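Look for chain A in each of the two complexes below; its partner is chain B in the first and chain C in the second.
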Partner chain A sequence: MERVKQPLIHITKRAPMPLWKALCIRAGAVLLALIVCAIFISASAPKQKGFFGYFGSLFTGVFGTERRFLLFLQDTALLLCVALALVVAFRMKFWNLGGNGQVLMGCLACAMCMYYLGGKWADGWVCLLMFFASVAAGALWAVIPAVFKAFFNTNESLFTLMMNYVALNLVAFFITHWYPTGTGAMPPLEDANLPTFGSGVAGRVLPVVLVAVIVTAAIYCYLRFSKHGYEISLIGDSKNTARYAGINVKKVVIRTLVLSGALCGLVGFLLVGSINHMVSTTMDDNMGFTGIMVAWMGKFDPLIMTGVAFFIIFLSRGMGQVCTDFGFTSEALSDIVVGLIYFFFIGCEFFIVYKVHFNFRPRAARAQPAFEMNGESAHKAAEGESPSKDGTQNEPAMSEAAPLIAEDAATMSEGAKTADVPSMSEGNPEAEPPPRTRRAKNGGNKEGK
Partner chain B sequence: MAQPALELKGISKYFGSVAANRNIDLTLQKGEILALLGENGSGKTTLMNMISGIYYPDEGKIYVDGQEAVISSPQDAFRHHIGMVHQHFKLIDIFTAAQNIVLGPGGKGARLSRMNDDVRAIAQKYGFAIDPKKKVYDMSVSEKQTVEIVKVLYRGADILILDEPTAVLTPQETEKLFSVMRAMKADGKSIIIITHKLHEVMAISDRVAVLRKGEYIGCVDTASTNEQALTEMMVGQKVELSIARPKASTDRPLLEIRDLVVRSDEGSRAIEDLSFFIRGGEILGVAGIAGCGQRELCEAIAGLRKVEQGGIYHEGESIVGLTPKQIAARGISMSFIPEDRLGMGLAPSMSVTDNMMLKNYAEHRFDIAPVPVAEEASPAKKRWLRFCNRLGAFINKLPCPFVNRRAARAEAQRVIGELDIVTPSTETPVRRLSGGNVQKVLLGREILTEPNVLITAYPVRGLDINSSYLIYDILNRQKERGAGVLFIGEDLDVMLALCDKIMVLCHGRLMGVVHAEKTTKEELGLMMAGALDLAEEKGKPMGVAKDSQIAEGEDSAWNA
Partner chain C sequence: MDTFFANAISFGVIFLFGCVGEILTERSGHLNLGIPGIMCVGAAGGCLGVKLAAMPTDGANGFLVVLSGILFAMLFAGILGAVYAFLTVSLRCNQNVTGLAVTIFGVGFTSFFINNVVMTEGVSTALSFAGQNFFNAHIPGIEALGWFGTVFLSHGALVYLAIAIAVAAAVVLRYTKAGLNLRAVGENPATADAVGINVTGYKYTFTVLGAAIAGLGGLCYVMGYMSGIVGSNVDQTIQGIGWLSIALVIFTLWKPAFSILGSIVFGILYILSSRITGISFEQIPLLNLVPYVVTILVLIVTSIVGHRETQPPASLGLSYFREDR
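Then we have the complex of A and B:
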């Protein structure tokens, strides 16, 4: 008889997983990613510092000195603010990709006030105007796409994205307009700086962190408890239901984007008024896009997003230090590694939702049903579920298939990185279950029929 | 016994922890019509999708003509001569019938002239009425269905699966389909038909297989069973198959529609010159083939769709051009239960609580409870507490930026208790509930406001038998309370039993309003198809109440 061809990989949806298990898988993924990165770095670094030197550098880069730690806090605070600004719109399924542009417009408006009015008005008044100008500029940059979306149903992703470049070039224009000669960089302005708490780095960082804390708490309450927050979720869930409930969808879209842009403008205000005292075209530090990552990885929940923001900034600052310590001259490596870690972290979500089965049917064991690759079976076995009664029966088939599985699971989850296969299956909780427990479950299933 | 055409052994399919199919055995003999019967969610469509290669079974084996077959794609299914006609048609609108039919895997180098002849040949053989050159966008639903069936036959299918083919047809069209099916059977084709209309099962099938909650219950010869027995197999318990119709109180007209014109999303006229009225304490059924203006009519009345022309009057007061909020602000209590429950009436990923406050969240105020003032407290403390209470009462009157989930949760609990909604908690997202419970949440929210006009579009679509009868019961209770109910339905048997009057629409035109007691299914079928026009026949305008609440002169267009 002709051999019956079966699909090799069979993917099914899992039952909802308890929270602790999902967290374990995520933690496992991060750990695994760090190990892979460590191998990658120690294999290719010009300066050797040992396998564990990598982890050391990662931590000293963030917690090594007081200054580093404060800058870590500051970057996290700024990123979190931008991410919160975006999440307000994302909750409504309005994909605001214009965070960069909105931050830059806030920066530009703030710098304009400082440049034209600094020294002419009292500092206090200029600072007040800076605040309102930044917030208004950010809001304006967000509200233009919102109006077009509301009235003409234009694509908001493209529109906000394009607004980024307009903002970028506006900033470039004003810098050359103000300083036609020289390096093209703007020197820090002396007048109308925001007040600091005491001196040094701490004095500058503290207000920024304070603003971030207040914004996080406010946005959390806004989304969770307010009528506006309810309307936003409703529109995100179903526009038709919102209309049915009598909500003016256009109004809510515009109102929400004003808030989203205003928060981005606020970040611009902090960047220029408090931190840099000048403006440059790279001042947004791509936070508008990193913020998208924070929002999605944080599942649109301000509290989880706080954790994610810390994690992302920890990685990027830590990796900077790793590059220095290991003698890499290019920042590109840092980006590769951070990208790799994101890949693992996001990729593991697949294994939280789905279960992957492999159909290996060596001729000897044709009658045997397809077995499962999942954490559940391992977990059940660990809890002391009765071991297989007919375990020996399947022995030859299983021992043949087991090495194949480990390899396949690794290639499944990691894609191209074949060099590190053994270590991956070690850390990946999905690929973990030893052959014995898997068989135990099959045996149980068979028994039940 | 002859080799069966198709045999399933121990088929299972799981979605997460839910077993859509568990250990199903099914046999289809050559040249027979097997009806697959089961309530919604019993796994009929999942099972058929596994035979036609859309899903791959988690366990079990499929045998075609006695040979084990692995069907992991629709192409595999066609290789085994299995073809499925889906409930939602998969046709290309801008192609002709013949082009759609020839399209697909294993094209034999289609030439247009040959193509049309081939299609005509198949149509003639089985008695289809089909014009190969007609474009799909010009076709009626039944014609599209014919194209789907011919497509499957053209590809050489010997086993045909029809997923609820009669749901979109008039009684006459259904009869035509059945005669075609009998012709195919005579030609040796095996057919599985999914349906949940029992009288159709009795009329067409040779054997009936019953599924319940993903499990195979049994298979019986049609000749040796009856509708009551089949229902019991389907539901698992004895069911009373009768709908009560309490006597209608002839109240004055609550809602009057005059010369209404409404456009569809595409801009064509979905409702044309429609006039009718609903009295308090009656259920007015609306019959018509799917998509002939029912949705547009409901949305227009509810204030969600622009009214092109004509008037909508609630107790003589025009509500044309008002938004749902403005209608509510006038003190008119009208409820609309849309057909697309999760797409329009409810927010699927939000909790039951959050869905309860959908209509009234804007009126939420601070809810500060007063502190009890103890008698024996010192005067200073008493004065302070009284001041606090006065302050609280004042704040309660202020506009509040927050929603009051505590009040909404209490409402949710009340509705869950009254309608026996099965849900893990009030905080469960509604999309996780079963179809019947979703509908109960929606209906529960709407009747909580005690509406005097209730518009329901296909309220029992997708519900199991028990839930359906519960919904009929709820509607009857609303009617007895004096509410006017507009019931958009699809099952004529149900409408004949439940409604007091039935209005028939055909392409957005009024075909007539008949008393449910005095009409027959055949008459309704003819009206739905547009063959019988009572509105014209009687020569007088229908749908205008003698004791109209609309003041003379207010509607000059009508009087002129």
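Then we have the complex of A and C:
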């Protein structure tokens, strides 16, 4: 018998995986990534602190002092807010890559209010205006691409990307405009700072964390329980279905992006009004991009995203300490580590959705069918088929189907089905859904003698 | 004025490398948002290659230095491109997310690599020596040709390499069977697969090749335009150039031949702010945002016009799984 030429690697889709198994795969991927990073760092570090010293440094970098821990909370809160802002758009499959620009515009609007009105109006009024200006500026930066996406189907991912750089240059313009003789940096403004709860770092961090908690809860409810949230998910799944259900897709796209941009603007408001009291071109800290990763890794679910945001900030802040402890001069190490984590995490999704079969020994595979269910049903299908004359005419090897490996049998039954009776599946309901195997090439013809 | 256009061309080819690389990638149906990171890594690899070949400056062979820079830039960028290709082609991950991860990793890696591995004692002088004498070496005696010589013939090897690659890419895409197959893969991989085209093979080949070409853009910036002067924020600058290169793909409607002109236009717009005399300090950022605004306008216009020839490849951004229906 001629041997079937089989691809070495064969990929099929899995049935939905139980949650604990999926979580195990993800945890394994992250662990693997951390170990790879640890090996890389301990191999290339100028100062040796041993393999486990790396993990120790990570923890002291984040939880070592009260100040570090508070900054860790603050960064997480800000990143989470940006990620939540983006996730409402992502649920709609609107790729808002403009988080950086929207945050920067929020920062800029806030700083403008502080610069022009600080000291002239009462602080309370300025703060109120700062809030509205930031939110409006962020929303404006998101709604421009949204309008063109809604009406002309303009590519939103590139549009929002370009808007990032427009925002960046606008910020640079205003800084040089306000401080023409300076070095391009802006000194912190004294007036119209947001009130703090108590003194020190804790007083500054607390409002930010509070805002993040409120935003997380609000977005969770908005996406989960509100009609708007449902409309967003529906548009994400199928625009045509949404249109058929009577949803005004254009309106929802624009409305959602206003919300998305407004939340980014809110982050800008917090960054300038509460934390920095000035604006710079790098103030967004690339949170727009990191937020995309957080949203994606968090499966677009606000609660999982909270955990992911904690993890990412844990790594990037912890890496600062690792750099000092291991004698690296460049802080960019944290980007490498976080990037590696992304690769592993993105890659592991594949193993949750798909299953990989290796066909090293085709004969041995016969003893253990790769597909229990499909194999059996195909078996039945093949047996039911073999007496039929026209079936055997088209597929001469049909009667030999039973001892073949399950996949091939499944493939052949599929071939016989198409060749013989189109409504085969009605007589044999187990054969549905059709086996997801390599039926694309040529049915079972090659198996013939 | 002659020098201005010469500078515009020598800057524009950086975009050209990135743009042609991205066109080849996008024609296979993959929107590689990792191009900025890949260009950065190309710069890092190129610096390493130049360092290895040019370190004893007095005995260095100019040809070997340039070749080593090109090979290492393509190797580094190609490896990162292969990571992207593995994640998106084989593991079928979301292309936007993977691309951004590649960018984040690539930019961080470049900053780290250049500071910690490449820039050891005496390397910066070797790099600038190689940049000035080897990468920007031009045909002697072109000053006699007047403006023509200054604008078109006063460039280093990388500029001509970029234009040669763009022309080659245009010819391959338009007139060869491989190009036809590639376009088929980008438009409708299922149909291409049915015809018997090796979809996975084409996607891998052109994603990695596109990344390698884009990586030359990073090398071209550091060694060509900057003449080997590696600034502290080189990774951020190249990242900005990388995003513009991706935008240029749309500007040139996915055609490598157009991209030669488009990249020069972008080069003019990009260096405008630093070359115009008589503008104040605060107007520089306003001029800097012109290329981005122009790109946005082109995006809008092409989407409104909606002509078939101006549309992206139909399956751009979608993963292909043969057994999906």
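Here is the rule we use: the second predicted complex is superposed on the first by the 354 of 449 C-alpha atoms of A that agree within 3 Å, B and C clash if a C-alpha of one lies under 4 Å from a C-alpha of the other, contacts with A are read in each partner's own complex, and residues count from 1 in each chain.
Convention: a contact is a pair of C-beta atoms (placed from the backbone, for glycine too) under 8 Å apart; a residue touches a chain by one contact, two chains touch by 3 or more.
These numbers were taken from a predicted model, which means no experiment stands behind them.
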{"item": "Chain C versus chain B on the shared chain A, clash or fit after superposition", "value": "fit"}
{"item": "Chain C versus chain B, contacts on chain A by residue", "value": "C"}
{"item": "Contacts of A:296 with chain B and chain C, given as first, second, both or neither", "value": "second"}
{"item": "Touching partner for A:13 - first (chain B), second (chain C), both, neither", "value": "both"}
{"item": "First, second, both or neither for A:240, with chain B first and chain C second", "value": "first"}
{"item": "Three-chain overlay, closest Cα atoms of chain B and chain C, distance in Å", "value": "5"}
{"item": "Overlap of chain C and chain B interfaces on chain A (superposed complexes)", "value": "12-13"}
{"item": "List of chain A residues in touch with chain B within their complex", "value": "4-7, 10, 12-16, 225-230, 233-234, 237-238, 240-241, 243-246, 369, 449"}
{"item": "Partner chain A, residues of chain C touching it in the complex", "value": "31, 33, 83, 86-87, 90-94, 96-98, 100-112, 115-116, 193-194, 235, 240, 243, 246-247, 250, 280-286, 288-289, 292-293, 295-296, 299-300, 303-304, 306, 312, 321-324"}
{"item": "In the complex, chain B residues that touch chain A", "value": "10, 14-17, 23, 56, 58-59, 68-70, 72, 302, 304, 323-325, 328, 336, 338, 340, 342-350, 354, 357-359, 361-362, 364, 400-403, 405"}
{"item": "Complex contacts: residues of chain A adjacent to chain C", "value": "11-13, 44, 95, 97, 148, 152-155, 157-159, 161-166, 169-170, 172-173, 176-177, 180, 286, 289-290, 292-293, 296, 328-330, 332-336, 338-340, 342-343, 346-347, 349-350, 353-354, 436-438, 440"}
